[in-house]
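Per-chain residue numbering starts at 1, and chain names A, B, C and D are given in the order in which the chains are listed.
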Amino acid sequence: MTKSSTAAPEAKGAKGGKKKTAPSAPKGKGTVGTPGATVSKELARRAYRSMLEARLLEEKLAALYRSGKIVGGVFLGRGQEALSVALGVHLRRGDVYAPLIRDQAGRLAFGDTILDTLRTYLGSSLGSMRGRDGNIHRGRPSEGYHAMISHLGAMVSTVCGGLMAKRFRGETGAVGATCIGEGGTSTGSFHEGMNMAAVEKLPLVVVVANNQFSYSTPNDRQFACGDLMARAEGYGVTGRRAVGNDLVDCLAVLGEAVAAARAGKGPQLVVADLLRLVGHGEHDDASYIPSALKKSPLGRDCLEIARESLLEHEWLTAKEAADWHAAVEKEVEETASKVLREPAPDPSEEDWNAFSALGRNGEEAR
Amino acid sequence: MSKTSITYLEAIRLAQQKALAEDPRVFIYGQDIGGFGGAFKATKNLAKEFPGRVLDAPISEDAMVGLAIGAAVEGMRPIVEMQFADFSTCGFNQIVNQAATLHYRTGTPCPIVVRLPSGGTPGSGPFHSQSMEAIYAHYPGIVVMTPATVEDAYTMLLEAVALDDPVIFCEHKFLYYHLKAEKLPGEALPFGKARITRPGRDATVVAYGAMVHEAVAAAEELSHDGYDIEVVDLRTVRPIDTDTILASVARTGRLLVVGESWPWGGVAAEVISRVATEGFGLLDAPPQRLNAKETPVPYHPALWGTHRPTASSVANSLRQLLEL
Amino acid sequence: MSKTSITYLEAIRLAQQKALAEDPRVFIYGQDIGGFGGAFKATKNLAKEFPGRVLDAPISEDAMVGLAIGAAVEGMRPIVEMQFADFSTCGFNQIVNQAATLHYRTGTPCPIVVRLPSGGTPGSGPFHSQSMEAIYAHYPGIVVMTPATVEDAYTMLLEAVALDDPVIFCEHKFLYYHLKAEKLPGEALPFGKARITRPGRDATVVAYGAMVHEAVAAAEELSHDGYDIEVVDLRTVRPIDTDTILASVARTGRLLVVGESWPWGGVAAEVISRVATEGFGLLDAPPQRLNAKETPVPYHPALWGTHRPTASSVANSLRQLLEL
Amino acid sequence: MTKSSTAAPEAKGAKGGKKKTAPSAPKGKGTVGTPGATVSKELARRAYRSMLEARLLEEKLAALYRSGKIVGGVFLGRGQEALSVALGVHLRRGDVYAPLIRDQAGRLAFGDTILDTLRTYLGSSLGSMRGRDGNIHRGRPSEGYHAMISHLGAMVSTVCGGLMAKRFRGETGAVGATCIGEGGTSTGSFHEGMNMAAVEKLPLVVVVANNQFSYSTPNDRQFACGDLMARAEGYGVTGRRAVGNDLVDCLAVLGEAVAAARAGKGPQLVVADLLRLVGHGEHDDASYIPSALKKSPLGRDCLEIARESLLEHEWLTAKEAADWHAAVEKEVEETASKVLREPAPDPSEEDWNAFSALGRNGEEAR
């Protein structure tokens, strides 16, 4: 990574200089990074591994969808793994994380598993969602891993709440984090949540994955400011820019953002341009994305860029890369076969009770 | 089915096409409805055919409805497409507090149509399966339509556009592709009129939307046991055609109301409440209702199939009703 | 009334004070509730007494509820004050789609309380008078409380805070200052249990919130004609204590349900539907309901007084019911 | 008005230089104004007259409230008349206007009357709201004068809709306008409406009256950006600043904003600092507003400043000012006496029907 792709200054509402869209060609060895943030070999390897897992797992999900094994929507993060993982890998136990649609990589880095992902998609009764909810709507909220609702923007304030709870208890050092697409920034919920986080000066990191389209809708029908970084100043939060398909840059920028939040510097808004290399969902061929855009630097596959970076930095050998690929592929395949044999939820065993306190049939006061 | 048969979804598209063609005041606003033709393709090609009148909206349900209201005040006839009924919760305030109250407060009508792709399909889960008719029908000033047939999807959407009041148009996603008709109707039942979908004399099933078909299938099943079940399709759930329901109950003496949504305060509760208060003497047995189970709509198809009423659970309820 | 008597509003304040004092997990979040003590002073002095735990929120109802949910997930017991029930429409999505579904989906409970200053008062108009209990009660996973007495306002709010489920707490503004009690109760009815406010044998009136007092006044009026009317106070409208209602109807044979909100799918519809389906044989006459008129809540006191059920309209309905 | 209080440049998201809070001392005669906007004698006189009407009318409303004649809330705009009127007076027939709580002056300038205001507050059956709605919730939507709902932020998108209608019909030259308090900018509705207006590049003017408090809540609990002008860039709209209690400045800045919108330059966000010189409603003594703030330049009464300006510019004589005062006072008193004798709505004559198309009892299909 060259110095010119350095993250935005930490000043509130920083303009972040000119847009960073072209992936930088990483150079040099050992630890690299922008001032205030370093990317270690260790971190980069962990991140790359999660990206690889996400990619291969999602390819399997797509195959399961095509073969009719997964019923319902399949929404993949292909092309967005670098940005997603860079957030997840910087979080730790005790943090609050609400990933969104395209965050398979971040989820795995945060501690979700290939097993539970498959269980949730396939509706296994052994999964964390027990067939009650599926696909991207999964999590373990009591472990700081929120299960998103579909309504975009809603998770911003929810994460704020988790952080408020920690503040009330006098716990320090935790951060909260969530992602959103550029389309999701048009929701009232996003706005209210960002503003609230800023008022409370919460240690919140919000990553905007600007993949140029919200479903089929291009950015010129979604917002008019040209650059969503301009929103940071209006909320009174720190804005930073990352190169969305460059893992090393994402790791550096997210590292800074998470560190700043942890250090009590208030909410951090990270904006990154990228492209999803897949349809909105697996039912969608994304024919509305112009091929010129796909061929532009934005369309370069972040997984390839990451592998090249790691090889160049000598943080990973070609042999390791191949071994990892094979190992992950094997794990995904084996896990899928296992989960496909697991029991579906049995309607007659369900308690059909939405209440927590009121027990089975407890809704009726007796 | 002939190759040229028209699906429920296509009927909705064609109704919008006709509305756009015949009335310059009509425009459509919603996410991904322009060049892309909508998440379900209910507006396919319409943006091309009617340039500048089928517009992609940002992900802003509140403002989408607000925009429609403001345009209606200025004489337009907006149709808003929610991507899923479930997301209309984000436009809830504009619908119930601005659209529903405008005429009463100011005398200015608010002719907007909000299309809600509604109801469950397998694997869609808690946030892409909801039936919200009861929520909107609670509010005076809102018309709520729940077409169950291809023909009604077509004529009622045109009716909705023509109506001077805000209309919540609950089109059922489960029917989008399954349901087909040979041709579009020239005529329609009057606004707000229920239909006797299947005449019978032993019991009345009142249903709407996708549940009409479950009710008809249940009635068929019971016909093998010698029972003759009448099925009433409400078509609109606000207003409710109480007269047609009461006349049916007068004939059959028994009532089952089926709703895909939750029981508390739902369409079934409202219908039973009306029949109990206005047609008590017509009932030979306690009226019954069958609704979704009392949880969010589950993701797994096996759970979903149990969560919602089906032909077989309707048939069970009917058998019990016939023995009361 | 003694000078030291406690109002319904003060009971709500004292319950919050007690909750804050006894449970470090409790905090309160809402507009103007800190130093100012709230639009109605329901949190007066609490910010001073419990520094950092009674916080002013920005005008962001969606995010207010979202914050409460996130805090509840992390083990807190948030109370959210809506400035008026009517503004909860802006937090509707978080309440019905996130709070209501959380436990079912994830197994994590969502113990939040959302306080809704509800119901009509003269001159408050369409947007500061609403009763939204039926809207929230439709959704499985949400408890809806509607206290009608000072004692219940106190004990039920504490109960709401203790409960592991999201609670919509409909406190009635009309009762805030009018209703007084000598002291706070040590004991409370069990959760979800209805109360026989006034025993009787000729007819049952089921009511809740402010309508309980109109029903009692109507019963008094009818006692002069020799009728003995039973009044049942639902206390919570979700769950509904169907057993107590059925037992009352078993005694009286006649049922009138009164709701301050609109009829379509309201509490009255739900109660009548339950009694008709489960207690049909107990009824000597068709059950009846009395609700608000079918318009937004009007501004002018004369219109408002006609829009809502009152002692005299309840008495009229009862007279009709007794003649059926 | 001095040149230094010149409005912000028209560039998108202009920062508008330093905050303008101290009212400028107007100087010179004839037409004054910033480049691109002029304030004529005629306009200033009309504006002042409406301010005066609003002030005296609101004093009467407060008196009627105290004597129990008005039941329900009374929310006044005292101290905010200059900003409010400056918007109303620049609008014309065919424009779309959605005033908010504190816009009595703007309403009168737009064409609302003392008579209808009194009728609405007193619930007269002859008023535009016929006793069905009251106080600030009045309007004649079919005449482009929207009747606000209480839910803050909701009117932004509604006005957008009116402008879209005109665009669909090919009507040009109309603008839409609405006001909001700084507290109302925290709503999701405000955000969605602003963003939508920007995407559609609508001729919308949104005035933020930053009176430092939203009910009792001070700005540091409401937003964190320090200066709401910073939001303009994030929406991609033009930002302008006005001195909230200086009529001549407000007229100049709003004149520019309205002209720019009319000329097709897209949405205009005007931010003005000021103070309300009265409680949130007449039930509120505003004791939470520090007296130092009340005594600061922000607390100077805009009506006095306006009168001084007009006298100094020789746009108004002292005699005229006194005559106007007396005439308006008389009109208000006479109108109030008249309206107090008007019939209240008769519940038995109401059709109790919320539907427009379905007629009396029409809800039931027959």
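Here is the rule we use: contacts are C-beta pairs under 8 Å (C-beta built on N, C-alpha and C of every residue); 3 or more make two chains touch, one makes a residue touch a chain.
Given the structure is predicted, the values throughout are model-derived calculations rather than measurements.
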Winner on C-beta contact pairs when C-D is weighed against B-D: B-D
From chain C, the most remote chain by mean C-alpha position: A
Centre-to-centre distance between chain B and chain A (centres being mean Cα positions), rounded to whole Å: 37
Chain B-chain D separation of Cα centroids, rounded to whole Å: 41
Interchain centroid distance [CA atoms averaged], chain B/chain C, Å: 30
Residue list for chain D, restricted to those that touch at least two other chains: 129, 132-133, 137, 149-151, 186-189, 192, 195-196, 199, 221-223, 353-354, 363
Where chain C touches two or more other chains, by residue: 57-58, 60, 62-63, 86, 89-90, 93, 97, 100-101, 104-105, 126-127, 140-141, 238, 294-296
Complex interface listing, chain C residues touching chain D: 31-32, 34-36, 39, 56-60, 62-63, 84, 86-87, 89-90, 122-128, 293-296, 298-303, 305-307
Parts of chain D lying in touch with chain C, wherever the complex brings them together: 70-73, 123, 129, 131-135, 137, 149-153, 183-184, 186-189, 214-217, 221-223, 288, 344-348, 350, 352-354, 363
For the chain C and chain B complex, residues of the former touching the latter: 86, 89-90, 92-93, 96-97, 100-101, 104-105, 126-127, 134-135, 137-141, 238, 261-270, 272-273, 275-278, 280-281, 283, 285-289, 294-296
Residues of chain A touching chain D in the complex: 13, 186-192, 195-196, 198-199, 201, 220-226, 228, 230-237, 266
Chain C residues touching chain A - in the complex, by the definition given at the top: 24-25, 27, 52-53, 57-58, 60, 62-76, 78, 93-94, 97-98, 100-111, 140-141, 143, 163-165, 190-194, 236, 238-243
